[in-house]
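Heads up, there are several structures right after this.
Here chain A shows up in two complexes: once beside chain B, once beside chain C.
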Partner chain A sequence: MSAPPYSYSYIFKYIIIGDMGVGKSCLLHQFTEKKFMSDCPHTIGVEFGTRIIDVCGQKIKLQIWDTAGQERFRAVTRSYYRGAAGALMVYDTTRRTTYNHLSSWLTDTRNLTNPSTVIFLIGNKSDLKDQRDVAYEEAKQFADENGLMFVEASAKTGDNVEEAFVETAKKIFQCIQDGRLDLNATESGVQHKPSQPGRQTLTDQSPKPSCSC
Partner chain B sequence: MTEEELLARAVEERKIIVEKYRKGRQKGVHIDPWEDPSIQLYQALDRYGFIHEGSYVHSSNSQEQRLEQERIRKWTKMVDKWDKKKVIDSDKLKRRVYKGIPDCFRGKVWSKLLGLDTIKEEQRGKYEEMCKLAWEYSPDIRQIDLDVNRTYREHIHFRERYNSKQCELFNVLGAYSIYNLEIGYCQGMSQIVALLLMYLTEEDAFWALSTFVSDKRFNMHGFYIPGFPKLLRYQEHHDKILNKFLPKLKRHLDKNGVDTGIYTLKWFFQCFLDRIPFQLTLRVWDIFILEGERILTAMAFNILKSHRKRIFQLGMDDILQFLQVKLPKNFEYSDDVAIENLQRCVEELKKSKLDYAGTPPPNELPKKPFGIFKPNSSFEQKVVGLRKDFSSVEKLTRDNVMLRREESLVNSPNGRLSNRHSDISAADASFDDGSSIIGEGSHKSLAGTSITSTADLSILSSVTRSQAADAHSIDIGTVESDDGQTPSGLTTPLAITCASPSPDVVRIFVPYVTPSHSPIHASPQNGDLVYRQENKIRIRIVEQTTSDEIQTPVIETCSLLSLRPSQNIDLK
Partner chain C sequence: MEDDILNEIVSSEDLKKFERLYLNESTTDNLQRGTQFNYAWCLVRSRYSADIRKGITLLEDLFKTEDSTNEHAKRDYLYYLALGNARIKEYTKALQYTRAFLSIEPGNQQLANLETLIKKKMEAEGLKGIALAGGVALAVGGIVGLGFALAKGKK
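For the complex of A and B:
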């Protein structure tokens, strides 16, 4: 019996991190199910979601690890940061404390992932305009200073959610093409799936299709 | 913001939140539209109060209904003479609890099994006192508020913002956060209390939670305190059981990167709430309340044993999907069969003396007395934030969890070598009961890969080395970030032995110091970060427990993929 043919060429591992209540699971749900879950339960430990997307003509499966936000769970969720190709770091634009904690989350991420991990900062709940507690410019500056990609998004309206996940994937894909990301390392968070099943060997080299993104 | 400003803000925030719950829904509290999911589906309510999408078909047939009526008759008699006849110690009670407590008696029987009337009598006025203190002082109010609105919103009682059950949930969790200061509030507790509130009054739910946490039958204190020491002990015990009774399944899980830490957390933390169908959860809870914590171990074993054939056919994504999403919707066995299997699992584990994970060590037990709160505590106790440092218990936890994840990769036949093609081919699967989905030969193939696993690591040197980079779990980088030490502070090789009782691991770190590089400021493009990983030697001796594997010490050197030439020190 042979393995089923893969319907995608790569797997990218993502993690979603940030304080509790910032909307990590809702972002994930909006991205995978394309709807807002107003009665979304809080995450305890880690949950898991997947979706296949198309980046530069390549089918890419995103394997997304959603983590608990409560402080004390950090001791157990950190072990799943390792080997992430993308990290979505989320704060709540209506609660300043969640923004203030970003540097801790960033330190954790930088220490536990590898240098080529793409970190994307998301300011969630952008639809609650009159409750805004963190200015866009301030967060943008923080993102620029630390070399992070950044958008404000809304898991409720879906605004910029797709963009955040897909842009991260594009950036990772770029890194693969540039050769900055070594596919042979488990640490990279990227698995290459050759389209011919059963012919995988460790020396498989990834194809390098031309891409304008 | 300064500490004073943060504190003032936290106090203000708490006041607003508490005020909302004290007013409740009826007295005109402002509710943001997004906080209140709409209810249109009254017709799709199940017997327990859960709202289902579309039309919900109640599945019980007339025979089941007759059986339930019969049981209600028997339980009525038994509950009536509960105190006179010492029902609590009787075999009859045990038999009947295993068959399921009729839903209309559940609250009453749970209350009796937990001895709530006695506790309430002894602790008269305490609950009220704790509530008031919580409203005034609990640092966890903000977290509790967030979670109250995210707990069982698909249940009719918890659907509306600030309705009476949400207020009760808020009060019980708040009161407990002040009553037991070592735990405060830990996520996972809100589901438990919500379940209790479906069957018990507010004050009873509080004392039931208190009993689960501190009574020696349950000892859940160690699950919820920072560092989760009991969770780790339970997960280790679970691994031990898998290695003994389901070794091939364990290898399959390892191979796919599904370690115990991922899927057992809710099992142990909330006694299977949300991880198996609600009706079956109630049956398990009936037994949990009667028998105590032993049932957690057996039920975890039961779930994997019952579904092992299915799991063998799945790759990583699908295993997690199956355990976390599909099983709660459909357990695939009837409740009665699942419970019979559970009893068999208990017996099987008992024979090997593995039914009980052991008495809790001192670090899992409460140290401070309950219900004594002094308002003049430290800043950290007043404002719950993201601490920069971990406590020593948390560090141990963190390191053990990392180590276990790493070990599961090392122990797996293909984990680190072919992680990239982890989607499994069914040809590899042979089950732990000796049966096989593809006939003879499959056992051999799996055993074959497992033998090569340890031996081949040293031969496939280049791949192994680059992949062994994940050894940096407890490495210098981590030490430096969490403890505020700089790499230059580590001038001698540092050995860390693992506190975990399982395989013996000794690590020797040889720091190669480049003080000018700080990991945060190093540019990801130039590869400067590699100094942290490449100057490390690791010797690992993997202790094999299963008989079909040869004992081979594994020696690895380690370097991260690097853009500049790395200097590996090969120990061979």
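For the complex of A and C:
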């Protein structure tokens, strides 16, 4: 059987994790549908979403697993961490407890993913300025100390949502180009799709065009 | 492999892990509902339909024996009953479960997404014309009056 033509050349697997109610599903929905859900029920188990984005001239399909934050789902949602190329770790800027739990989320992520997994920290609900409970500088410092990328975002206004998902993909793509991420490793969270006829694959490109991201 | 919620496969490692927990508790007569749910959740994501059917049986059992005030637990079971049935191509049953859920919680995006996915799959398999026999009140897998059972738990 010949391979079907793909409209993208890579698949990246993402997970979204963090306490319940921090806005994980709303971030996903804003990213895939460009809409805000003002009254979103708790996720049951896991939700799934996809979107194809363009990174450095490559079409990349993001397969995103949005995990439920409620305690009773934790044991099984952990099984979705394996093989994630990107992890979006979310807290709620208006609820300090969700921030305090980050180190335990981070430990879990580090234990269950690869060393090459890109972890992006998102402080969500940045639109609720009056209710801020975690200073930007404090979270930024936490991110720097732990080598995480970081933005404050709002699933409501869409502010920085696109950036978080796309920057994560750029970082993963850089890791592929640098050879830090082994495409052949089963749990890299990245799949390379056979290129279409007449289309260059990454390895064909010599010299590599320097990516402006 | 193209993933989505209907063809994502549980790792055999995880399936074994949650099976072991379930069996341990069962044999010591100390079975927790959460353990049964976790095992069922893994079973319905198996590549083997026998596993999925086993998962469905465990979920039906949980649903029937759940405290009627525990609406959240019932939502969880209904969702995975719909998913499990869809994965073994029992589409009519699957859609009855999603309908039951949506009749109580019409705006639930996650359930609406699952329903859309099931319908797409049916269409792809040429089952477009299959009508839904009966409504929400129909007995599915021995669970009678799903909508009612759920509504009772609502304040």
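Methods note: the second predicted complex is superposed on the first by the 194 of 213 C-alpha atoms of A that agree within 3 Å, B and C clash if a C-alpha of one lies under 4 Å from a C-alpha of the other, contacts with A are read in each partner's own complex, and residues count from 1 in each chain.
We take it that contacts are C-beta pairs under 8 Å (C-beta built on N, C-alpha and C of every residue); 3 or more make two chains touch, one makes a residue touch a chain.
Keep in mind the model is a prediction, meaning the values are calculated, not measured.
By the touch criterion defined above, A:7 lies against neither chain B nor chain C after alignment on the C-alpha atoms of chain A. In the superposition on chain A, A:141 makes contact with neither chain B nor chain C.
Put simply, more of the residues of chain A are touched by B, taking chain B and chain C as the two choices.
In the superposition on chain A, A:157 makes contact with neither chain B nor chain C.
Once the two complexes are laid over each other on the shared chain, residue contacts for A:40 go to chain B and to chain C alike. In the superposition on chain A, A:29 makes contact with chain C only, while chain B stays out of contact range. Legend: residue contacts after superposition of the two complexes on their common chain; A:72 is shown touching both chain B and chain C. In the superposition on chain A, contact is made by A:187 with chain B only, not with chain C.
When both complexes are overlaid on chain A, the residue A:63 reaches chain B and chain C alike. Under the contact criterion defined above, the residues of chain A that touch both chain B in one complex and chain C in the other are 39-41, 44-48, 50, 63, 72, 75-76, 79, 82. Those residues of chain A that touch chain C in the complex are listed here as 13, 25, 29, 37, 39-41, 43-48, 50, 63, 72, 75-76, 79, 82.
Every residue of chain B that touches chain A in the complex is listed here, in rising order: 1, 6, 32, 34-35, 37, 143, 146-147, 150-154, 159, 186-188, 190, 226-228, 231, 261-262, 265-266, 269-270, 274, 316-317, 320-321, 324, 384-388, 390, 394-395, 397-398, 401-402, 404-405, 409, 416-427, 438, 460, 463, 466-467, 469-470, 473, 477-478, 481, 519-520, 522-525, 527, 529, 560-561. Contacts from chain A toward chain B in the complex involve residues 1-4, 6, 19-21, 38-42, 44-48, 50, 63, 68, 70-76, 78-80, 82-83, 96-97, 100-101, 104-108, 110-112, 114-117, 128, 146-147, 156, 180, 182-188, 191-193, 200, 202. Here chain C touches chain A in the complex through residues 3-5, 8, 10-11, 14, 18, 34, 37-38, 41-42, 75-76, 79-80, 105, 107-110, 113, going by the rule given at the top.
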